[in-house]
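Next come the structures, one after another.
In what comes next, chain A is part of two complexes: it sits with chain B in the first one and with chain C in the second one.
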Partner chain A sequence: MRRFPKYVNAGRALMARIGVFICHCGENIGRTVDCPAAAAEAAKLPGVVLSLDYKYMCSDPGQQMINKAIAEKLLTGAVVAACSPRMHERTFRSAAAQAGLNPYLLEMANVREHCSWVHSERAAATAKANDLIRVMVEKVRRNKALFPIRVPVEPTALVVGGGIAGIQAALDIAAGGGKVVLVERSPSIGGHMARLSETFPTLDCSQCILTPRMVEAASHPDIRLMTYSEVEAVEGFVGSFEVTVRRKARYVDPEKCTGCGDCFNKCPLKKIPSEFDAGLGSRRAIYVPFPQAVPNKPVIDAANCTMLTKGKCGLCAKVCARGAIDYKDQDRLEKVKAGAVVLAAGFELWDHSAYGEYGGGRLKDVIDGFAFERLASASGPTGGEIRRPSDGSEPKTVVFIQCCGSRDDKKGKGYCSKICCMYTAKHAMLYRHKVHDGRAVVFYMDVRAAGKGYEEFVRRAIEADGAEYVRGRVSRVYRRRDGKLVVKGADTLVGRPMTVEADLVVLADAMVPRRGAEKLAQLFGVGCDTDGFYSEAHPKLRPVETAAAGVFLAGACQAPKDIPDSVAQASAAAAKALGLFAKPELEREPVIARVNKNLCVHCRACINACPYGAAKDFEIKDRAGKLLRVVAEVNEGLCQGCGTCAAVCRSNSVDLDGFSDEQVCAQIAALE
Partner chain B sequence: MTFEPRITAFVCNWCTYAGADLTGTSRLSYAPNIRIVKLPCTGRIDPLFVLKAFEGGADAVLISGCHPGDCHYASGNYHARRRWSLFRKLLAFTGIDENRVFFSWVSAAEGQKFANLVNKVTEQVRAAGPFGERNLARRRL
Partner chain C sequence: MKACGYYPGCSLAGGGVELDLSIREVSKAAGVDLREIEDWNCCGATAAHCLNHDLAVALPYRVLSLAEEQGLAEVLAPCAACFSRLKGTNLRLARSAELAGRVRAVVGRPYGGGVKIVNVNEFCGRLAAGGLKDKLSKPLGLKVAGYYGCLLSRGEGIVEGEDPENPSAMDAVIRAAGCEPVSWNFSTECCGGGFSMSKTEAVVELSAAVLADARAAGADLVVTGCPMCHSNLDMRQRSMGSEGRGMPVLYLSELLGLACGLKPEALGLNRHFTDAGPIASPLSVRGERRPSECGASRNTSTPGGR
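Then we have the complex of A and B:
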């Protein structure tokens, strides 16, 4: 069994010169704890050369008192008995550093939150304060000077996701002097915003405001686009991530391709449903997702192309004057170095087939919001005319059902998807602008239009454009034999059941995280909430950071957001990344684990236990390069200092700086 | 004089320590029998620390950290939980009553829960009596 002598390193203990500073915190501590008595008690402790109490230690005179003591008494350590270290540890440590004492030689005894504020009896509280001070003195006697770990920073940001959030983050980082690698899964950047017809609350055309940004991102000298690519693996840590990106086979050499379009005009496979058009339009097997795609270079859909599946056709290669088609193209893996990461993985719509009462996804004329956007878009499959998917006729009554999947924790999602109230009002408005004799009925639970110009926009849809708003849930939608959709619901404001015969039903599906988002989060060590949205480091004070240092969030991958919110968060994430790049080196807390390589027996317990992959094999070789022994080693850049490795080590060769076995055992022993 | 138990608590820095801070900031009160030793994570707790605490005269040990899934270090509390399920067998072997080791999750938002926990532990240990008199394992480990 391991042994921990009660007084480890007596020599060092004898030489210790520790100052104890006890704060009254006005009356907060002094009322319950007898501070002068505690100071007198502390003065008797071994190694303590000075023990003082003062009204407010954190005040300027209080800090100067500590500084003076450090300089005059040549302190080797200090204990400040005051509030919680979470409150003022930084204050006192920087005061110590100013006076020339290594900041990690100062510790705080929490005699306020853990003592005076929770106990009322003076004798018991003072006794406890004495104990807490004694424990900390014993710890400080064994503290080592620690020095912040310096990590060089690679001034490149990896932005994952090429929607509006990713594009905005990339542009802002590049404008601030950083370099950007923008990784996008689909063949073009633009994301969902490129699919929208108009945007609320101003009804400006989505593509008109987005495409200039897309082009700017593509042509910026400091932004490198990696479209049709996915993050495969992540190594490294803040300041120097090394990310492996899978460049999926495009089968079209983007260097040679001019984007002339001969290939996809000739491709005989014409009936593949277009993902971009929400399945309402079709595309070829070699395609660009939409005419304004960036880069405007086609890719071949390997699952549908007959040349790739059956070896027959080859028409596109024949018509390509530049010889850009390469059927033998393979996925490639490419490594990218980055100092910071912005995750902008985006969202998708919840699959409403779980709602059997709305047709379970089987009714052709029950569509989701994106399908309606494509119908309303001038570049959409109908050229901007609202047409029923089933027979192509103009719908004379359209029912919009809000909260489809949102605010329903039984079958759907418990949260409010935030944007649906607004886009439904927009849809109703656009429909009424295009079909003047049409009827737009909106079933809603509550209209949540909080945002600049939002409430006015909804009022405009109701008052100026005549959308009929009905407060109530729809219980059932079914198709009658003549093709009409019968929508049965209730108007809860008048308390009557209600039936609408509709030609088209548009469901405002909940926003959910993009498929694969969770895997991406795991690669970067980012947490997800119960709904799969990425967790920020603090819901209020650190809304764009994550628990993983150097990884920031932008857009709807964190929570449902509209375009202005996504853009704002993207700019915030860019500012955070640029903040990292502002210094050539990064300083990190030096509380990390270390392996004594002489003792390590390479049982790999620490390597298996480390949640960060910081503990790794290390090969000890002789000068000739012959392998002598394999041991464990901790990467200081990756280690976050949890100490799990130290607790699982069987040979007592791993220890944690700042919380070493020696320190903790001395603290425990001091409680006797 | 009535018996006042001594309880040593090993808590993580991110959840329970902050939770105990919240108890203070909320001015809730609890029994003054507990002494907190702060560690970065419950994953850092070497079983030896617990034995050392008993050796040093503690009547009970409380271990508390982040709720499962909330660990600041992703999985440290799971390691602690797994270790504890093995460690209780070792406790039985050493003759320490496993009811003297308490394990609880307290988040940074659960100030009231921390106060209740300390009071409950103190009451139970007060009822059980001092560690040394009832337990033969009082001899030096």
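Then we have the complex of A and C:
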């Protein structure tokens, strides 16, 4: 909120002169609440000198009404009876400030979400609106002018997640002059995009466009990579977060390691399924996830390494010429200061074993999209040849099943995963490019190819590359004795059941949030929707912000997204972070708790209860420095105004600015 | 389990008499007292809900009401269709007080919703783990394909604790009988169901595919809990090609009875269309004459008591 040069009245020096402004919200409120009648009723309240109603109070003419009234009637307070304060409190308070009224002397009575939207009977709804307005007038009569708290901004952004979204956000913030700490859970940045073969709709190689970005992020002087690390705890608030990061034990000193590869070439444990290759390839116990990894320094997988589990082997330490291996390495906790946070936690694929009809995860040749990507990738376990996992033969018929777990609220997820239509078309295309005599059959519900060049891409898969698109669902996939997968489905355009004998089945599994994403969200105070995706502050107008100030979203942790969308959102999040860094100080809402030090008996209930660590001991000393008494005190910078301390205080010595006992009691009394 | 209510329904008095016989025999062996609901009526089967939804609830309602009145907290409905109708009615009544009130007025009897309905798979599972535990003296050593069809695998809230696409309730019973459940693909495929009379050729085709898959998976026999499935799989084999013929089809309760050493005739095995004799004969069990080897000569069997 902006700075306000001077205020007509800063406290309660004058007799209360309150204005009430009632909004019709088009018909949203006016349909159910008799606004003119409510205005007439409000005019009778003690202290109210003016009461108006208008069609759209938030519009320019509406705000002008408020401005004019403040100036002409010398209002000491205002009540806007309209929508939720979450929607427009900021708007109206700014309008009040412009007219010279301290913004915290304006309150909103929510007669939309709390009244007109949830009631249908006009008389009763109007009576309730009258109650809500009366309560707010009583509060405003006791409001005090409050002044924003200013806090310094640490111009460093913490980016959580090193996939394409996190990398993009980091690069953009660094390019704009901010500093970045990029925290990634796995040993390398790159995320899912590093696993892809080629990307739609242009079929450029994923590695070729991603790896230069990874190197750029790693070598940028203002970006600090923290790979193999996870966020452990978060303290502070917008402008000055203090984040504790767990640096997991790598057992390899990255300073000494040159990435020569002797260690993992000699490691005798060769058959550990590679996460990067979707379990189709294998890795060693000491490994880099893929040859182009950044940083290109191995880690030891403590669960599998026999030296760490049984104390036997030690081969990698023997062959390492630089002596970089340290079996005694331990997790370390490191604190990072940041002014803003970008969450780019990414996604994973839904586990299709819930689909018993598609083999329930028991059929080796029924694979997910990532497994197919690895088969089609030049750096994959088959060197880019399409081979089926069970016997390594080249599949001559591949069936692609779309919407596996998407658009299915019974067994899977109710939403559309958005990217599967496109990557399935790409898979069918890649397969036909590699196996010329092969059949690619795609079962789909609808083809949703909205995006630049997307529809053309799907047409190309069908027309130029001969993918057979069948509109219908697959009811069952089973393995016949001879190893063929029998796919039974329906062609709903012809209206007939159909059976395809396939060698490989690829399921387009739904995109779901990463495991652990919810815990991360809780650390930062970010909400999740019912599917676990991170909630943005407003679905249309604030798509990268969250309910937590200074925490922004990028990529598929918010909703299913493809690469272009993730990159665009990452840049938007970067712009938001840079916007915060543009000023050296930040203004915070002044709604904080205050301790009356004369009354406080130092029972420490508030100190124990405060979730933000804002309530602390305070020593009262005389001039000679002699300790007189210890009481509680609230740190303005840390207090979030939740009111927990005020609720637990036994001596009634804590009050919350703007929500004092006096105000709340008056509000309750007004309802009787 | 000492006593259990019993709702035989129409098929157990007719086409599915072997199910009735074997259930009564194994219950006796396990010391479970089956108490048939007095004055029971038809569950409505497929006919009632095709004509009138209220009737489809009212018929089972009367049965449930009688059971409650007779103090039966739990009722076994061996026929899969009866089970589905009775338990489905419990579910519908619990969901809608309005429906419950309407049906109560039509039938003119109270019902508090306190009767639990048990299907044949659950019942056999309990016997195998309970009263019959020490009596399963004759491990049969066969490979068995457990066939569920639709009514013992599906119905949200009706068949509980099962993956409808990959049910497994029979496995424990099959193992208890000293047999090995085979992993096969068609355990929930349709047998053709009620089209047995009106579209026999479709039923023959579908049922043959089920039996062929069981055979391909190495099964010596198929077990089921549904009289409709049983009659389609057992009776229609003569119209099938070689892929379907000669596969013995038993009720799960018959398998359990055999493993207890009960007499095959007492369990109704002599009443099947497809000869189950070789399985029932103690000689074959030891492996000299595996049933799958003598599959082609099944047409010598006598069609039992029908």
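Methods note: the second predicted complex is superposed on the first by the 466 of 672 C-alpha atoms of A that agree within 3 Å, B and C clash if a C-alpha of one lies under 4 Å from a C-alpha of the other, contacts with A are read in each partner's own complex, and residues count from 1 in each chain.
As a working rule, a contact is a pair of C-beta atoms (placed from the backbone, for glycine too) under 8 Å apart; a residue touches a chain by one contact, two chains touch by 3 or more.
Quantities reported herein were computed from a predicted structural model and do not represent experimental measurements.
Visitor: If we overlay the two complexes on their shared chain A, which of chain B and chain C does A:Gln522 touch? Say first, second, both or neither.
Guide: After superposing on A, A:Gln522 lies clear of both chain B and chain C.
Visitor: Considering only the touch criterion stated at the top, classify A:Tyr478 as touching first (chain B), second (chain C), both, or neither.
Guide: A:Tyr478: touches chain C, not chain B.
Visitor: Looking at the overlay, does A:Ser219 come into contact with chain B only (first), chain C only (second), both, or neither?
Guide: Touch status of A:Ser219: no partner.
Visitor: More residues of chain A in touch with chain C or with chain B?
Guide: Of chain B and chain C, B contacts more residues of chain A.
Visitor: Taking the superposition on A as described, I'd like to know which of chain B and chain C A:Gln64 touches: first, second, both or neither.
Guide: A:Gln64: touches no partner chain.
Visitor: In the superposed arrangement, which partner chain does A:Thr258 touch: chain B (first), chain C (second), both, or neither?
Guide: neither
Visitor: Mind working out whether A:Glu357 is in touch with chain B, chain C, both or neither, as first, second, both or neither?
Guide: It touches chain C, and chain B stays clear.
Visitor: Counting only touches as set out at the top, which of chain B and chain C does A:Cys642 meet: first, second, both, neither?
Guide: So A:Cys642 only meets chain B here.
Visitor: Across the complex, what residues on chain A touch chain C?
Guide: 355-357, 360, 476, 478-481, 486
Visitor: Mind listing the chain B positions that touch chain A in their complex?
Guide: Interface residues on chain B, with respect to chain A: 6, 8, 17-18, 20-21, 23-25, 27-30, 32, 35-41, 43-49, 52-53, 56-58, 72-76, 79, 83, 115.
Visitor: In the complex, go through chain C and note every residue touching chain A.
Guide: Spelled out, the residues of chain C in touch with chain A are 163-166, 185-186, 189, 216-217.
Visitor: Going by the contact rule set out above, which residues of chain A touch chain B in the complex?
Guide: Interface residues on chain A, with respect to chain B: 1-2, 4, 84-87, 110, 112-115, 117-121, 124-125, 127-128, 131-132, 135, 525, 527, 547, 591, 609, 611-612, 640-644, 646-648, 656, 659, 661, 664-665, 667-669, 671-672.
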